[in-house]
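Presented below are the structures under discussion, each in the form of structure tokens.
Each of the two complexes below includes chain A, the first together with chain B, the second together with chain C.
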Partner chain A sequence: MFAFYEECSNKHLIRALPPPPPPSIYAAYKHFAYNSLRFSVFIEIQMSCTHLWCVGALLLATAVAQTTPKDEHFHEELVVRPLSGDHVNTYFQFTTRWHYGQKENLYHTQLTPRVIAELLQQFDVKELHIGLTQGLWRYETWGYPIVEATSGAEMWAWFKATNLTDQQVDKQWAQLANVFSGVLCASLNFVDNTNSIAPKHLLRPQFMPANRESFMRYASLPREIVCTENLTPWKKLLPCGSASGFASLLNSGYVHNTKYHSLGLKVRTLCQDHDEDNCILEMTQTANLVYDLRLLEQSGNDFSLRRLFGMGLNGYCELASTSKIYVQRNELGARYQLVPPPPAEETTTRGGYTVVYGVYDMQEQFQDQGERLFNIAWLAPKGELRRQRQKPAPPPIYAHRYLLGQGQEHGRIVTEVTNSHYAPLPILVQELIPWYVHAYLHTLNIRRRPLGRNEYGSERLPFKLLHYAPGKQRELPTHLEIGFLLPGQSSALITIDVDYLVLKWLEYPPDANHGHYINAALVASALPMGTNYSALPLEGHLFAHSFNATRPSYVLGLHTEALIVSLPTPDFSMPYNVICLACTVVALAFGPIHSVATKLIVVVRQTSAPRNFLKKLKEKLFSRGSPLLPTAGEADVPEGAGCLPPEEQDENENDNDEEEEKEREKEDKEDKEYAH
Partner chain B sequence: MNEMFLKLVSIVCIFCICVGGGSAGNGDTSILPEGYVDATQRSTHTNNWAVLVDASRFWFNYRHVANVLSIYRSVKRLGIPDSQIILMIADDMACNARNPRPGQVYNNANQHINVYGDDVEVDYRGYEVTVENFVRLLTGRTQNGTARSKKLLSDAGSNVLIYLTGHGGDGFLKFQDSEEITSQELADGIQQMWEKKRYNELFFMVDTCQAASLYEKFSSPNVLAVASSLVGQDSLSHHVDPSIGVYMIDRYTYYALEFLEKVQPFSTRTIGEFLQVCPKRVCISTVGVRKDLYRRDPHKVPITDFFGAIRPTRVSTDRINVTLANESDFIADLEDIAVAKRKFTVIMEPQFPSEFFK
Partner chain C sequence: MDAKFYKLLLLGGAVRFYFVRTPLASLISDRVEFATPLNSQKRMKEGIYLLDQGIDPYSGDLVHESPLVLKALSGLFLNFPQWLPLIYILLDLLTGALLYNLSVRFVKQKLQKQRLERKNYAKDTEQLQYNDDDNYDIPELVLIAYLFNPLTVLSCIGLTSTVLSNLFLALFLYFLTKGLLLPCIVLLAFETVRSLYPIVLMAPLLLVFARRSLIGGVMLSVLFAIACVIIATASYLVLHSWSFLDGTLGFIFYFRDLQPNIGLFWYFFTEMFEHFRTMFLITFQLNATVLYLVPLSLKLRKEPLLLATVLVALMAVFRAYPSLGDVGFYLALLPLWKRCWKYMAHGFVVFTFFMVTLSMMGALWHLWIYAGSANANFYFGATLAFSTGQIFLITDLLFAHVKREFCLYNGQKIMIDGEEARILLK
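Our next item is the complex of A and B:
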């Protein structure tokens, strides 16, 4: 019995699993699975990591080809859509759908990664979304994306179990974030209750069966950077890894030179009504990239898979049930000639919006192609100028966000939502304002401006819905959900006044002067038509399920930009400067003060001092060692003058002499006082 | 007087005994059984771990990231799996907007080696790189719920490589320009590792200014330390890449990588050779080595003891028989499960609270 494990970042993927073992092994295996979070057993192979993967994948391929039951399927899809402004959107979707039945079966993962199955067992998670994104999706020029994401890291999850309490969910949420910080090499471990909220209206459950007993948590980390270290573990969650299939196109150098890249992970469970023994686990991994053709160092408007990803496609994942490429052929895709031409075309009409996709089935393509790499080239008409194409019509709803106000004390967060549709549309806005920004609910208002006019008048829009959970310094973020009806052809300006807190010294990050982030707002609406709408229908799990999926309304989700505020930041070198300055001042002051404080003021009356130099000398010689000045017979010597050390007294004498000489010159016979 | 004489005699006697005992002891080591001497020189570890830390943030410290990635690349290439490498990088250079080659970090302006690679896994990054996290990692006192990949799960058979780079001074290394670890804290951490049996042998490498000051306080056994510069010396960077505008890599690590690039998994190169990397002529600083806590002769220790990984494999060509006892029971079990998996229609809750807008 051989099983290959590659332990990486807290996950335990089973590379090859034998046919169902007899109960004794079964029990031992179960035991292993139970303990796997804490212990891991390695069958260590003297081979580099990548080789292990290849071998793993091959073994997997052979093993699973024989044993994959009909209830677990893996699909890979790639959608290529030319966008306006010389941009190309490539969307990868890898879907694993597993009808696992009872919860006990989760111990035997095959295509689904072990960590995901463990998640359902350990944390009562029913639905989980994680997005890691770099860049900003430009709704006005690119339309709507297939999956939504906000810049940085975003995460939300639904928890449901009998007798689950809010406190338990808080704990499980933090643990879940910690697990995925390891799995995806992201700083998700910074997600805790100080930056998480429990949304009420905007994010709805997408699992089954959902009822009132379920809990939800949402958090986003706008500062998070997404790079190769996130892509690598993300690819390792796939059954074929990055060895074969569409994931082999995701090479770090070609993913990170895009204008926008977003990695997504979505897990949900679908159980038959309250029957926990008949369940489906659906895991969707998405990679949404936008390439700017002008950055690809090429002359014309042509592009190809090889240009975009650095290499052609080396085949399909052997474990995939379907492996298809969809290429948009109408609108901006219409002018391209495809080489090779798509073997099939599919026309989809959804909510009155028609899209034509050319479909390449990789399993057919590679039936008899042998070792060759597969490439698709998009050839633009010759002599076409780049700047000629006009801007597309904006989508029905789009949103932006600004920060108003000056200084580091007060500010105003502004969210502007525009409805370019002719009819009024319902709008929901969800705000998560971090605890270091104090928002005042009484300043919240929505003003309206018809499209065409520049200034916002005093016309207010009434709230249809308002949910407010006040924030608490260092403990809770402010959570706000607003619902209103936005009239057609107009914009709404949602403003709320905020104060910036002064943080404690140690609460500042190492790069405090970079500024602090205010999370992006989520905007949702229900569109009556499917214009530009390409999201997957709720009950579907493949991109192909969005074809002809006409519904009464289409729920749209958008993200605004995140904001960056500069909180009052102290000069961190100030304590050092103060110490240096204070020490200098003290040192300069100490010398004279010490000298004054430790030396006595001696008052000496100079009356009978000898004027002759020889006499003076003689006197000096003979008076050495005597505690009192013999010449100062009439002087008032204060008590304790004898405590002065002899040297100091000598000095006194010397000084006396000098003074006397001066005196002599001036012929001044007045009494003199001198002190040290 | 008699008493004084007696005292003197006794003191002299004690002194003689001490000296005699000492010299006798010295004589003994020379006649230790050869087998014992050999045994102490042999590798005794069972697994390898690496903790690689870049402690500095900001773009102008690109070279420190290139430093740590150079070592990461080498240990990964020589066989330590990602799960046994804890990589801490305080800032993102590869996907930094200032990097003209996104997703890539080079050690050389000629772009010979992309040290970032295509499959890097960073365990602690950005704000997570703190002195607290580093000490917690070493001593195994990570906070509850820390992900497995963020823990140093080494044991008494582990050879651990610790590599630190950043800005340092006499007795400290700065973390992210906001805090620092002192040489005493480091020594205490390593002592605690030893007491908790978290390492078998430890190779401590540090590339920073006055690097030798960081290992001065060490007192734990089986520690071999190398530093890019002695106390009072600066460690210098290697060269500038005009296309990124900052220094690419530090001298010591540059030559260390050059050496490591020639090492293959079954190489006979020794740690002794590695300790001679970067002579003063090219390094400008003097490489400091501390061997007194290490009982083996570095010239007999293969470099793969610290930079590679032991992964013993036993290949069996024999057929393994698995008795399928009570198979029928199991099949019956499977049938039960199959019954449970009935198809059902997916119905979702409404995704938009339209009731508020009526």
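Our next item is the complex of A and C:
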């Protein structure tokens, strides 16, 4: 029976069932291309069948062996693909798959890092993706990557439990980010509700069973700089560490010399329907690197593992079940001669797109004892001119994004999606606009341009789907998801107007004029063919599972560039001055109004004050300290004389006369005294 | 109400209509001096669009207009956007006409009052008294000051909702002079729920309608509170959520948006230390509402309209999100106090202040935001000076009023020992 399970899992039949989309999404998909609809329905039917069968197998297997080490497997894979423009893509994938059964078993970890197992106990997280990336993947020349990532740090997770609420998820999400901030030494601790969204349509869960009661959070930190301090802890999560196996190739000095490097971590749990006691934990660590051969110190276009990573391979991880290197042999890889030649070759046809891989099994290579370093060299034909090589055809869908407008007041975010396929394709775009940028939904529009024409006309494409959650300053980012059908051989220009906010002076980062980042947009589509497509199928967990994995359609995810905007900055040096000046102006109003409201009207003799400015000054200077000095003859009038009713006024006036006379007498006396 | 009135109205409409068709209109609707987070047309559009899409406009941070206004204008905005400028121009002309009628009535009341009190006036004070010519001059001046003030014209062509605020305020003042209690209370309650600060105009309202009785005053206050509740409830019925209270009144009170404007708040709270923020927020809001309310109400208890003018002006200076449209409105009320002008000493200074700071604002904004060669301090300086100029104008008006009242009863020339004396406050 156990053998049966083995066979089952080896044939990769334990599959994750994609969740039935909620009704709203069904409605959205209805508008989509026919093939998209067919895709989701087809996949569901197909997978639910295999799923039932396999879960049966799972049950049988667990009945026999609860915690045998056979339940946990580790695989390491390395894929090397030459890309156009003298680039080489190396993709490492380390997969740990653990059929742990019940939750209690999570306390006894073997190959799986303890921190991951503890996560599943502490939090209700069912699936988690983290990407730490430096550089930009060039879709137009490099095709699609095996694993998608955006520049900076990116993280998304699904939570699911009975009676889970949004507030609990928010809390768990922040805690989870903090955990991985420590585990990966990244600034993920900056992930909180002010930069996280709950995606509705674009990102699909890969765990099982998922239904609509699951919660999702997504955040990305485009400003994060990925470096050595992230690579080292990432390697520590591997069963063999960086001591042996493929991970020994990942030396920070070489990894960070690349044009693009992306570290990935994916954790998902696959459980039997309605049974939390029969689960698989799958953890995938990926490192996706793109080398620019022109930057490696060498002549010609030859390269080797030693050139790329600084050293050869010292063996395989002893804990790994499989340890294989896949080298692409066709297309751009065809011109290279491999030394040593691959012992085996595998041809995969997926969606009408054929790729030939040379396969090196490290366990075979290192069968005989003795220490040595294994190296593969790619030798390009001599005397080949660079410009003779033709540019590859662009992939069916690619996206770019840029910012329009000048100044620090208004702007316009533009996302351009191009469909070079001949048939219309459904496109989903997810925008996460940070709170310091105001987006105006009413300015959102999609214009279309057939390929080959330069200008966008006034032709608008209608939305088939729109989800919008407005942002709030210091609280929530703006979350926008739109779906539309992009006709074949054309580009869509998605524009939305934004305003840049003035922040409080302490909210600016240390280098305020560096600018603020606007996150990359996510673009998704369902391709009818597998050109350039090498992502893992949903139910597979090894790179080898993507071989011959023909499906009715291929779900594609892309990231655009992140943007940087320059917000208006205040002067950081003068808070006190500003406070003083503003308060002075308030006082300027307060003083006179206070006088008007409280003071008496007096009549003052005009001549007593000298008209000459100098004399005035002199008098002011010398009159200090002699308070007796009368400056004027005064005639006091009681408060509000002008405002009293006429009857009262009359009486007052009589009083005034008397008082005035008295005053005058007094003044005369004082004048005389002064004269003496 | 004569041919000249209609000619002026027509001319005012023509001026607006001309400018609304120039590129100036879109420029003005983006200028921070005219379009604040509260009144900008872009945000109004956004609110109406969100409401139309079934998204709560106040769940975001863009829309701060009252739900009633959004609902009322949504049909217009969505179906006939090309008629929008015309509607705004008509509303602005209506404001002008209301101000004209208001001043006609005001001058008549003044003359009537003068006739009763004339025997108490000093002899040489004809210059300070309203005369029959004022029946025509003052309303005309008010109308001209409203229709041809560049500030109101630009505010109108920028399609800011200040046009609506001005209309409601003009209606309120009109009903106040006419002595119609209920419309006054309803309008005031509406404006209060919409933008908080007009609550101070309860003071002139109480002075007009409940002059001598405390019970009357309490009754009116209760009536006002009920009207506020009814209007808030009506807004709730439109939106099915109370979020608009935080989106409008809360937004104004807590001053969440630091976008530069012509007021004192923006840079002050940008540069404020976080732990003092609450204290200064309360101080500044008190300054804009109740601080001057009681002393001025006591001092100007016989002149409710002057009180209203001064309060509207102080509101335009000290409110959280002032715009130049508000300034234009109270400037149009100044000709009502034509007989105080003799004692207004700072006219030239204030005029110069206005001209210089308003022209500097445009230039300094450009230097800061677009050219990058100036910084926020420059623009802040210009707005600060503009506020100072306005304050000079308001205090000057108050002083002039006090002096006029004094001289009206004591004569323009007060002699001490055969020499002309000066009048001072002490």
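Criterion: the second predicted complex is superposed on the first by the 503 of 676 C-alpha atoms of A that agree within 3 Å, B and C clash if a C-alpha of one lies under 4 Å from a C-alpha of the other, contacts with A are read in each partner's own complex, and residues count from 1 in each chain.
We take it that contacts are C-beta pairs under 8 Å (C-beta built on N, C-alpha and C of every residue); 3 or more make two chains touch, one makes a residue touch a chain.
These numbers come from a predicted model, not from an experiment.
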| item | value |
| --- | --- |
| Partner chain(s) touched by A:P426 [first = chain B, second = chain C, both, neither] | first |
| Chain B versus chain C as contact partner of A:Q93, first or second or both or neither | neither |
| First (chain B), second (chain C), both or neither touched by A:H256 | first |
| Partner chain(s) touched by A:N301 [first = chain B, second = chain C, both, neither] | neither |
| First, second, both or neither for A:Q285, with chain B first and chain C second | neither |
| First, second, both or neither for A:S196, with chain B first and chain C second | neither |
| Chain B and chain C contact sites that coincide on chain A, given as residue numbers | none |
| Residues of chain A touching chain C in the complex | 406-410, 435, 438, 440-442, 466, 468-473, 478, 499, 501-506, 568-571, 574-575, 578-579, 581-582, 585-586, 588-590, 592-607, 632-637, 640-643, 646, 649-650, 653, 664 |
| Of all residues in chain C, those that touch chain A in their complex | 30, 32, 42, 45-46, 48-50, 53, 55, 57, 59-62, 117, 120, 256-260, 264, 266-274, 284, 287, 291-292, 295-296, 298-299, 301-302, 314, 317-318, 368-370, 375-377, 380, 384, 387-388, 391-392, 394-395, 398-399, 402-410, 414, 416-417, 419-426 |
| Chain B-touching residues of chain A, taken from the complex the two chains share | 1, 6-10, 20-26, 37, 40, 44-50, 71, 99-102, 105, 134, 174-175, 178-183, 185, 187, 189-190, 201, 204-206, 208, 210, 223, 225-229, 232-233, 242, 251-253, 255-257, 270, 272-273, 277-278, 426, 428, 464-465, 483, 485, 509-511, 524-526, 538-539, 553, 555, 572 |
| Residue ranges of chain B in contact with chain A within the complex | 57-58, 76-77, 79, 81-83, 90, 92, 94-95, 101-104, 116-123, 125-128, 145-150, 176-178, 311-313, 320, 322-327, 329-330, 333-334, 337, 340-342, 344, 346-354, 356-357 |
